[in-house]
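Next up: some structures, all given as structure tokens.
Each of the next two complexes has chain A plus one more chain, namely chain B in the first and chain C in the second.
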Partner chain A sequence: MTVATPRRFVRADGPDKVTGSGRYTADLTFTGMLAAKFRYAEIAHGRITRLDTTAAQAISGVFAVITDADVPDVRFGPFVADRTLFARDVVRFEGEIVAAVAASTPEIAARAAAAIIVEYEPLPLVTDLEDALTAGASLVHEHWAVYGSADPVVRDRNDASFSSITTGDVDAGMAAADLVIESRFVADGCHAVPIEPRAVVAQWEGNKVTIWTSTQVPFDARAGVCETLEMPASRVRIIVPHLGGGFGGKCGFHYEAHVAALARVAKRPVRLVFSRREEFLAPDRRREGMVIDIRTGVRHDGTITARTGWMAMDNGAYTADAGFFPQLAAMHIAGPYKIPNVSVEAHLVYTNHQPSGSVRAPTAPQACWALESHTDEVAAAVGMDPVAFRKLNAVDTGDVGPSGQTYGEIGVQQCITEATRLVGYGETPLPHDEAIGVAIGWWPSFAVPSGAYIKLDGDGSGQIITGAQECGTGAVMTLRQLAADELGMNPEDFELVYQDTSVAPYDMGATGSQTLFNNGRAVVAAAGQIAEQLRNLAAEFFEASAADIVLADGGAYVAGSPVATVSIAELAGIAASGELLIGHGSGTPPATPQLVGSSCVGDLGMAAFVAPQFSCHAVRIRLDRDTGVVRVLEVAAAHDSGTIINELGALGQVEGGVMMGIGQALTEGTVYDDEGRQRNAGLLEYKLQTCADSPVIRTHFVQIVTPDAGPRGAKGLAEAPNVATAAAIANAIAKLVGTPVRRLPMTPERVWEALQS
Partner chain B sequence: MSFAIATTLDEALAALAAGARPIAGGSDLVVAARHGKAPLPQSLIAIHRLGELTEITESVDGLRIGALVTHATLMAHPMIGRAYSGLADASALVGSPSTRNVGTIGGNVMNASPAMDTGAPLLVLEAAAELQSALGHRLVPLGELWTGPGRTTAAADELCVALVLPFRRARSGSAYVRLEYRRAMEIAVVGAAAAVVLQADGTVRSVAVALTAVAPTIVAVGGLGPLVGAHPNDEATLGAISAAASAQASPISDVRASDRYRRHCVGVMARRAFEAAAHRAAGETIVVPVNRAYGIGAAR
Partner chain C sequence: MSIPFKLDIELHVNGIEYPVTIDAGRNLVSVIRTEIGLTGTKEGCDDCECGACMVLLDGQPVNSCSYLAAQAQGRTIVTIEGVMHGADLRPLQRNLLEAGGVQCGFCTPGMIISATALLARNPSPTDEEIRIGLSGNLCRCTGYVKIVEAVARTAAG
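Let's look at the complex of A and B:
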């Protein structure tokens, strides 16, 4: 089977977004609408000794002030039920919501929120990941043991989720090594920073609520509202207007219930719009800090004999969706390498920091940065070129990976070849202040249920009604291509109806790079049903067998006689007075691969990679040795993400992922004060990369036929480009500095300090 | 609170005398209010329509830059690029294109931030602020204008109408260099400006260096007298510049950098600014801004 050349088309929502005609949640207004404002803890750990809202209630223009006492008594959380909508007795991070206000203007709401009296008895701060795991450590959750949790989650006091991957016999493997190399790395937390700060509008009609919200996961948001406000799904409708990015930060259930609860008490529509500062402090979605120890046994000939790893990652005050992080992070410390003996342990540690959650390829950029920095150290120890070392040890088609998975057709070796070729690795001597660093990464595809409907109206134009959510990746836009190809039509023949939980079937949302992979499958299935209807109609029209009907170029014909065609529009017209053209699809997700010979504690299904994606990034940087400032000049990114359906969209994902990776490598990191509060919760001090910083980015897609992949052999692509960039930059820096910079982000000052030693 | 737009200078001066604060581009004033750094003043008088404050006038005495001239204009002005390059270097680094389109030199100078970018080059170029009130008019050398973060010796009723820069003699050059963690939307972690005049034989006739973001105000580096007569490219000369800058800095530690790193880097910046200024003084063309032409920033 050959892979078709990808197409290039501009996404349908692009013009609306760039011309400003698109509507975002914060643009919505309703008659009588109120403004919401939260009162936050502002301290990182304390027991509430007094909470008095009387003064706030008395301010003219205030319609509602609510606290924990005003909502159902529910503890929630997808892995550990450790969270409540409003602080109850104890606040555990500075952005925890203590109360919410709805008032006639944002200014009055802010004044009322400030007028709420809250007093605390300070509790000991838990901020150090290793200290938090010691026997005598103060607890972030005194009553952790009584919380409900998902079955496989292994917990112990501040350890909210523990996971390990073990294969072979590491002691024997280490004993068989000629050299054992040990490294330690520490990564700071960082943020998703979508352009649009989040917004929620809630409006009640009778006992039903409609919530417009900037979420990446409308069905998850609905589930959260249902759980916390104790309502059936049928009475909660979530609609997402245009979403101004998410990067994972808008996954999960956030403030929909708070705003709905306010609107119910106020008896008015209520709108919440976050400031940039709130966007930094409050959500339970930011990239977690990590402490990582890695040890690798290697033979003089460069073969790896064993690896151990230990990691602690910052869960923050509540578990959100981070429960699966330890296992996924452990996979990234094991890495896409052939290692017969592996033992990696990972802990998700409660602290009094903002909760962590899925941000674009959760756990991967930091873990890959550590592993790939370490890999260069191991290669150097045996005197091998780091690229040759990777080629020798990286998994290839048919190999068994570190968790006991045997890989089908995969392209990591091709990725290494292509990325290093594109950047000219080893070809010409570089100036004294330049170096090239190389790293490889991997990422699973996620196989989950998903659904879509398609209808063709009487004029032959179609609508795809899908539960999928567009968060800016363009994945939903690509669905039109898939439907069109099934029906021999053009993508422009279809409109998308989406982001409304009361209209479309379930989809997991813009998370886990899963939209095209799963909803694409659903759309192909739905289109397949219409194709069958059209073939039957055409068969009747031509008095031929349905099996011989070909759908192409906007029409149908009998195989072998394409000159006599009937247009799809004509067939749709016939259907309009008979059985309507309606398709629905879901399809069966690909099965999870078997693991052989490994054992996992705290197994949340992350050790088996469905349709795994691979990448190699090779970057050329320049270092200013006097100041430690690093500039990324060129990035070559080679990706095995299966079949590429829209090349324009795919390139956008890689380029965006690389830019985000550069930020994580060099400038993006949360800095805390001694009280556990963020010191750089704003765009002045939290430094994203800008257009002016962007290097030349050369992308190559290694398109190979992937078994058990998504539609047409496509895998995910939104997260994979974010995995290996920071690691490749680190390896380039290490070449120029002479030693790795063991702290992420590798800020100019940290690089300069490393140069001094 | 009140907001009025002045259509004549007299109107603006009268409003100031009555207690209003001027607002030009608003890119410091409004942003500071939004961030809760300083509340919006009770009374604001907008000066952006005062056409006479937007002019750049060249004369035998030098240059007079109206207070409303924007960074976008300054960075592209041929005369400034040639004779007062350090100022163009600074304006070209301000924020982003949109910041440079709204931000004015008067606002930058009068905001008196120790991290302002035009401050150090204006100081080494011996600029003075032309202050006007309903009562009169005076010239204040910039070294006597800033007294601390956000504080100046200007009276509340005085408007800065222009910056006045003396004529630059032959064989002079200036430059401004800033430490940047990224290439746009950056705030000076540290920066330095230098102005150099060379003798006919290529040795230093005079030199001035000023530092950004290492003290409560922009500060001039003292004690450079012994460098007169030195060769600008000598390692000893360059080392002396950077040592003096580092020694005379009194930086703080904050989320952007530690005091130790700032002290080191301001020396590096001073050395680079001096090098670029000396090369320009020698007739070499170094494109504006120096940050994009030299070292780490160069396109190469």
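Let's look at the complex of A and C:
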């Protein structure tokens, strides 16, 4: 099958965004609207001994002050029901919400929140991942044996969730090795940092509530409101205005129910807008810190014989969507390599830190950084070039991966070839302060149900009404192209109607790189129904057989007679007085592969590799040996994400993912004080990469029509570019330093310390 | 706690005079977004770090989160809503769309203000000058590549 040349088109929501006319949630106002503020725990672990809202209630302009006592008695959580809307008896991280206030201005609301009296009895802090797993460790959730859970979670110490992958005989594999290499790595947690701080507006009419919110997952947000406020889905409507980035940080159910509960008590619309500091401290979506041990057995010829891995991941105080992340982490420590004997286990550990959860390719950048640093150490131990070592051991078409899945056509080998070619690996000697590092990575495309409707109105203009959520990636924008191609129309003939749970069918949201992969299939199916209607109308018009009708260039004609055409608009006009042009689709996700791994919470994380994406990043850096400062000069990124529908959008995903990866490699890491509180919860202290830091980025797409992919062989793309960059930078640094920097981020201080050792 | 005192001022925004009564301590971004009702200017950090709130003040780009509204009296303010030529997009806006320099769009208004000021003081910037000129505006989506390309295209006419 040949691959069509991808197109480059301007995104449909672009004009709203360059003129300032596009409305984001914080831009919305309603008559009589109040401002919300939260009172946070501010300590990482303590028992509430006094909670008194009397003084706050008495402040003029305050309309509502609510706590745990004012909402239904519901514990929730997607994997372990360990959470309540408001703290109940115990606070377990500094950003836990104790109370909420609605007042006539943000200033009065802030004053009232500060006037709430809360006193605590301090409880022992749990912050060290390995200590937390020891037998005598204090428990973050003393009574979690009684919490509900979706699966039979083993409630053992602070081990919130675990996963293991075991194949072959590791002891025999290690015994067969000529060398066994062992490494330990420690990664700090970090943040998604969308530039838009989140916002929520809630307004009640009778017993129905409409909530405008900056979420990546509107249907998940609705489910959370329904569960915690005990309402049917039919009475909760979630609308997402333009969304100012998410990167996973706006996945999950967040503050929609808090604001709705405030609005119900206050009998007014209420708006919550986060400060940047709150954006850092409160959400249960943070990239988890990790401790990672890897051991690999290798023969002198470079063949890997066995691997063991153990990792502990910082879950934080509550299990958000991180419940299944041990599976993803285990897949990344096993890696996209042919290894006959593997034993890897990953543990998600409760601590008194902010909860972790989806951040662009959750677990992958840290785990890939560790694995690929280790891979360079293994290659060096047997005296092999690290690129040649990867080509020898990486999985290829027809190979069996660590989860027992046999891969169809995949492009990891081509990715290695292309990325190293683009960066000129090994071609010319580099200056003494420069080096090139290479790393490979992989990432799944989650195969889940997803729906869309399409209608063509009487004038022939179309609307795609989709449950999919646009968070900036452009994936939803691409749906116009798919519909237009099915109907022989132009993308501009379609408007996108999305982000309203009462209008569109279900979609999982802007998460798991799944929008194009799943909703694309739904849109193609919906358009196919309309195409059939149009062919029938044209067949009647031409007195021909529907099977002979061709839809192209905005019209229909009988095959072989393209001169006589009838326009789609004319056919739509005919339909308007009869059977209306309405299509619906939900596509069919591909069947999941046979797996050998095991996990306490199902196998979603491994099954999602059904149509795996691959990448190779090759990075040239310069190191200032006096200061430890690393400058990234050039990044070559080769990606197998299947076929590319919109090249412009695809390039933007890779370039953005690479830049985020550079930040995670060099500057972005949460620093805690001795009390378990974040010390760098602001953009002054937590440094993102700026335009002045940006390197040359060269991208190559290895376009393969993957079996079990989405429409036209496309896979996801939004997360994959964020997997291998930090690892490639690490390998370049290690070449110049002479040893890996075993802490992430690889800050100038850490690089300098490694230089001294 | 200090007792806020009110000021009656006039702000000249996008060619229109707006009389407003504000607390003396209010920052410019909140007055533009709330009293004047122009929400194209975004607030991302309240810390002068992200640049989403940039407006032109007498032609100079400033972070309006860290600028008192009262200090802007008597000066010419241009927000993203004042950048267009009537109903037409400016070349910079069009180039941002066509080069792919817009994703989530939250940094875009500040980025356009910043780039407009850059091109006004240096009509033919090098790529390096563009990178440094836009380094006060954080973008988390694009990796900056296509934004730099759009500004370079605009400079090249």
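Keep this in mind: the second predicted complex is superposed on the first by the 741 of 757 C-alpha atoms of A that agree within 3 Å, B and C clash if a C-alpha of one lies under 4 Å from a C-alpha of the other, contacts with A are read in each partner's own complex, and residues count from 1 in each chain.
The rule is simple: a contact is a pair of C-beta atoms (placed from the backbone, for glycine too) under 8 Å apart; a residue touches a chain by one contact, two chains touch by 3 or more.
These numbers were taken from a predicted model, which means no experiment stands behind them.
**Student:** For A:Arg679, is the partner it touches chain B (first), chain C (second), both, or none of the two (neither)?
**Tutor:** A:Arg679: touches chain B, not chain C.
**Student:** Of the partners chain B and chain C, which touch A:Thr690 in the superposed model: first, second, both, neither?
**Tutor:** After superposing on A, A:Thr690 lies in contact with both chain B and chain C.
**Student:** By the touch definition at the top of the document, which applies to A:Ala81: first (chain B), second (chain C), both, or neither?
**Tutor:** After superposition on chain A, A:Ala81 lies in contact with neither partner.
**Student:** Please indicate which partner A:Val658 is in contact with in the superposed arrangement: first for chain B, second for chain C, both, or neither.
**Tutor:** In the superposition, A:Val658 touches chain C alone.
**Student:** Which partner chains sit in contact with A:Glu749 here, chain B, chain C, both or neither? Use first/second/both/neither.
**Tutor:** Touch status of A:Glu749: first partner only.
**Student:** Going by the touch definition up top, name the partner, chain B or chain C, that contacts more of chain A.
**Tutor:** Per-residue touch count on chain A favours C.
**Student:** Tell me which partner A:Val629 touches in the superposition: chain B (first), chain C (second), both or neither.
**Tutor:** After superposition on chain A, A:Val629 lies in contact with chain B alone.
**Student:** Should A:Gly245 be classified as contacting the first partner (chain B), the second (chain C), both, or neither?
**Tutor:** In the superposition, A:Gly245 touches chain C alone.
**Student:** Considering each complex separately, which residues of chain A are in contact with chain B in the first and with chain C in the second?
**Tutor:** Shared contact residues on chain A (touching chain B in one complex, chain C in the other): 682-684, 688, 690-693.
**Student:** Would you pull the chain A residues touching chain B in the complex into a rising list?
**Tutor:** Interface residues on the chain A side: 431, 622-624, 626-627, 629, 631, 666-667, 671, 679-680, 682-685, 687-693, 747-749, 752-753.
**Student:** Provide the residue numbers of chain B that touch chain A in the complex, in ascending order.
**Tutor:** Contacts found on chain B: 35, 96, 179-185, 187, 255-258, 261, 264-265, 268, 295-297, 300.
**Student:** Along chain A, where are the residues that touch chain C in the complex?
**Tutor:** Touch residues, chain A against chain C: 8, 10-11, 13-24, 26-27, 111, 193-197, 242-247, 275-276, 471-474, 648-649, 651-652, 654-660, 682-684, 688, 690-694, 697.
**Student:** Taking the complex as given, what residues does chain C use to touch chain A?
**Tutor:** It comes out as residues 1, 33, 38-47, 49-50, 52, 79-81, 83-84, 89, 93, 96-98, 100, 102-109, 112, 130-132, 134-148.
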